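The two complexes that follow have chain A in common; it is paired with chain B in the first and with chain C in the second.
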Partner chain A sequence: MKLLTHNVLSSKCLKGVSVGYPLRLNATDIKVVDVDYNSEFVSRMIPKLNYSALYDAAQSIGHHNGLPDTVAEDYENNEDFLKAVHHVLLEVDIVSGDLECPESGRKFPITRGIPNMLVNENEVNEINGSNGCNN
Partner chain B sequence: MEAVRGISDQELIETPDLSHLDAADYDKVYEPREDSFLFLDALEKDLNLIRLFKPSICLEVGSGSGVICTALARFLGSSSYVIATDLNPFACQTTHQTAEANNSFVSCIQMDLDSMLRMNNTIDLLLFNPPYVVTTSKELRQPREDGSFLHLAWAGGVKGREVTDRLLSHVGQLLSHRSLFYLVVIKENDPEEICNVMACQGFKGEIIASRKVRNELLSVMRFKRGW
Partner chain C sequence: MNAMKGEDADVPKKIVSKQRKAIKNIALDSKITLGVEPTKHIVICNSGLSLGLLEEDVINIFAPYGPIEAVIMVPDKTYCFMTFHSKENAFRAYKCSHGKSTFPRSENLMVLAFATAVPRVTNPWATLPREGPPGLIVLEDFVRPDEEEMLVKLLSWDDPEQGQQLKQRQVQHFGFEFRYGSNDVDKKKPLEQKIPDQCNFLQERLKKRGFSKWNFYPDQLTVNRYLPGQGIPPHVDTHSVFEDPILSLSLLSDVVMDFKDATGQKLPVFLPRRSLTVMSGESRFGWTHGIASRIHDVICTDDKKGLTVLPRKERISFTFRLLRSKRECFCSYAWLCDNQKQNLYQQQLDAIELEKLYVREVYEEISSHFSETRHTPWPNIVDFCKTFKTGQILLDVGCGNGKYFGNQAENVSLFEIGLDASAHLADMCTKRGVEVLNGNCLNLPFRSSIADGVLCIAVIHHLATHERRRRAVQEIARVLCKGGRALIYVWARDQRLQDKMSTYLKQNRKNYQNSSNICSSSGVESERTPSQPGNTMCASSDSDTCEYTGNLPLPVHINRTNFKHSDVLVPWKLKEKHRQGRDDSQQQTFYRYYHVFEADELQQMCIEIPQIQVLETKYDQGNWSVLLRKLP
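Moving on, here comes the complex of A and B:
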């Protein structure tokens, strides 16, 4: 599981959880892989990310080297910054460990790189059966 | 000549290699068939649109063998990040393998639909080939006593819409303000009503491909918002 995936996961659907973000990350096996660097893609991703969640997750597993704790000014033209974000987003791969809901403590195991976030029906808020139309 | 040029100008989608899968795998994961191939054909027709759109994060809900998201991930390469979910653990592993066997990467997460994703308008392009077959609601109970998830790949409950509607109910929060969403339906799912439901969330929908397969009229719908 890459940290870009971690950035979009939330446990808000669990009963009694109000924010559920970001999930705590515990890694027991981390692999660093080479991924093609695309500066234009990383630039486009920056405004979509929750940067502090990314930074904190990277720091919690000791892979925040070179990553500043806030988004660099004029980041589109800051190659060092974009490369550091690229590395943390895509090259740090959590092979095993778990994700943990920051409120309920519910743990979601990561096995062979795949987080298991399947929960029982009785753990989640009433599923919204409406079709999205309020009228 | 015109026709020949038409073909060469059209970008093609490569059907991913699935030779790493065999009959034993298809006992556990939905085997790509007519609906999957119609889905690929429809995406192929839209490749120019997708390339110009430059989706940053793509999501396939219920990726099964991974044939669809892998084709997309290959096409977009390093310009996009493709995520796939499936509640079937074998499907997650298979999707991961299919992406790898085709020199691409798809981030696989085991979950029900998009239930554990942040609802903050992050996903730019969404793909869903849902369980659309009309069944009773009871058929949707998961998984079967023998541990099989396979029926959940096709059993759609009332009107074949129960699973689709669970996603549609909040898809406007999942998807970016400017986004694309492709959905496989059959006639019994009532595509027109789906268009109305989606219009409430600001999406303009249309059918972009159809094919009659035995007694099913399969279609692929495309929804756009913010264009």
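Moving on, here comes the complex of A and C:
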């Protein structure tokens, strides 16, 4: 699991959980892989990210070296910054560990690089006709 | 009277403070500006219809101060308005009464204020249909006064052994006890106390009044006794327990019963003393009824123009009901139907179990074989993938082995995340080096508005209720960003459109021979089901295309034929080499649950979801597809 994926995961669907974000990351096995750098990709991704969640996640697994704690000004033209973000987003791969809901403490295991986000029907709110999407 | 001023030193401080609060609250409630600056309109802040003040009372009290143009009694309010002919008259009335006079039948000092206008009150009785909710009939003077006396004397309310004291009323049961906890009766335990024979004349009477169709003999009677101020909360007589209609006799006094339907529409119905209320059809099943706990009811004045109040007195009702022989109800008012609510709940449980046994567990079993058959991406879906740009996020909900990854346009770098409920299929994705997680489409584990695109191919047809399928689309809508697009494919029930066979049907050997134009591409759900030579995959011409097999919960579809049912089990014959650790030589058949979609069904479901727009609906080789966009 890449940290970019971690950045979009949430446990909001759990009963009684209102935000469920960001999930706490515990990594027991991390591998660093090479991914082609694409500055356009990274700079377009930055506005979609929750940057502080990315920074905190990287820090929690000790892979935040070189990553500033806030988005650099004029980041589109800041190659060093984009490369640091690229590395953290795409090249740090969590092979095993778990993700923990910040509100309920429910843990979602990560095995062979795959987070298991499956929930039982009794852990989530009942399915009914109402309730659209809340942004 | 030189300077008119509302504030006055001779008014008790308490009243001044009450007035200040009332001006604020009533102004909010009535949307009329109030104050102490004199006008010709006066608001009586602390009495009105709901406290038993009558229009006559207002006229009697205030007429001495000058001609009154109008008195406006507002239903359900503790305040009312009046308009004098002149501001001077109004001021005089105010000066003499505010904080000084009391109301009739009360010791409360009057709190008055001035208003810039008076509310327009519509008489709730004036616009009512005469008979209230459809199916409700009130037969006036159904019993004579002597019969009323006789019926009332049948009961003793002082004996604690007799009847039951509820919070807001006393009840006695005859024939069967109505159990308030479970809202039903125990048919195995009839009461010793039968319905008194003295009630039998009611049947004859009903026939005489021309209602012979209700010639039914009730076996359960509940007698309620209400004292002034008491009532019964809004309820519906348990659908699955009692037949239609329900008869109720009103004795000793009149009352207003409030009926409410699913839309919240409220209809007060006047039940005069000695009348019989027949609740049938819609009024029996589709409306709740109740009696508000209050000491008087607001009713129409005799001239039908104004409103007045009717003080409550002791009232006794006899409610006659007939138990259903079987506990069931098939009315069309599911929101009030205990039977249908129970069924919905059961359906939900059944759906979870069905999906577990016939979708999730099966995919785990057949995953490697399934994956082998899933290699050719479907052209329309690839086209969709090619519309995304560098730096966008594309989710594949129900990604299977990940065959739609990497279909973006040349030189475009997307971030794709796949999600599948099957652990084996997710493992296959990881082996391909793509980003994947295990999850369920009903609860997408993503924060809202993060995806530029969502693919959901051949997934939603595995969900076993309409609510669950809709929820899956709702979840897709939730995770899409504004302007984001989703492509959804489901299997169509109709495998021929305008007499053209889908690829799926063409793969039936029998059809194959007859078909001159064979499409070589594999469909979303039309990929060749694996088979051994001479298997029974093809339907024989004279057999039904669906069969029920003893221990399976749904009809089994015969592969490569048109669907006969919307909810079916589709066999999957597992190839020998994929059956690890099993040494029996027989081919094993698994059954996957499918809900196959009617024309329009998918589109209709999507239209119901407010945040999204259906850009396109297509029939594509035996599948229905929709292209959605989340509204910006």
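We take it that the second predicted complex is superposed on the first by the 127 of 135 C-alpha atoms of A that agree within 3 Å, B and C clash if a C-alpha of one lies under 4 Å from a C-alpha of the other, contacts with A are read in each partner's own complex, and residues count from 1 in each chain.
The definition used in the following text is that a contact is a pair of C-beta atoms (placed from the backbone, for glycine too) under 8 Å apart; a residue touches a chain by one contact, two chains touch by 3 or more.
All values reported here derive from a predicted model rather than from experimental measurement.
Asker: Could you tell me whether chain B and chain C fit or clash when both sit on chain A in the superposition?
Answerer: clash
Asker: Output check: A:115 vs chain B and chain C. Expected answer is one of first, second, both, neither. What do you get?
Answerer: both
Asker: Please indicate which partner A:32 is in contact with in the superposed arrangement: first for chain B, second for chain C, both, or neither.
Answerer: neither
Asker: Considering only touches as defined above, state whether A:1 meets chain B (first), chain C (second), both or neither.
Answerer: A:1: touches chain B and chain C.
Asker: Give the one stretch of chain C, out of 98-106, 152-160, 296-304 or 404-412, that collides with chain B after superposing.
Answerer: 404-412
Asker: Which parts of chain A are in contact with chain B and also with chain C?
Answerer: In chain A, residues 1-2, 4-5, 8-13, 21, 36, 38, 40-41, 44-45, 48, 108, 112-119, 124, 127-129, 131-135 are touched by chain B and also by chain C.
Asker: Under the touch definition given earlier, write down the residues of chain A that touch chain B in their complex.
Answerer: Interface residues on chain A, with respect to chain B: 1-2, 4-5, 8-13, 21, 35-38, 40-41, 44-45, 48, 90, 108, 112-119, 124, 127-135.
Asker: Would you mind writing out the residues of chain B in touch with chain A in their complex?
Answerer: For this pair, the touching residues of chain B are 54, 56-57, 77-81, 83, 87, 89, 92-93, 96, 105, 107-112, 115-119, 122, 165-166, 168-172, 196-198, 200-201.
Asker: Contact residues on chain A for chain C in the complex?
Answerer: Against chain C, chain A makes touches at 1-2, 4-5, 8-13, 21, 36, 38, 40-45, 48, 108, 112-119, 121, 124, 126-129, 131-135.
Asker: Show me the residue ranges of chain C that touch chain A in the complex, using the header's touch definition.
Answerer: Residues of chain C touching chain A: 348, 352, 389-393, 413, 415, 417, 419, 421, 423, 426-427, 430, 435-440, 442-450, 467-468, 470-471, 474-475, 477-479, 481, 609-611.
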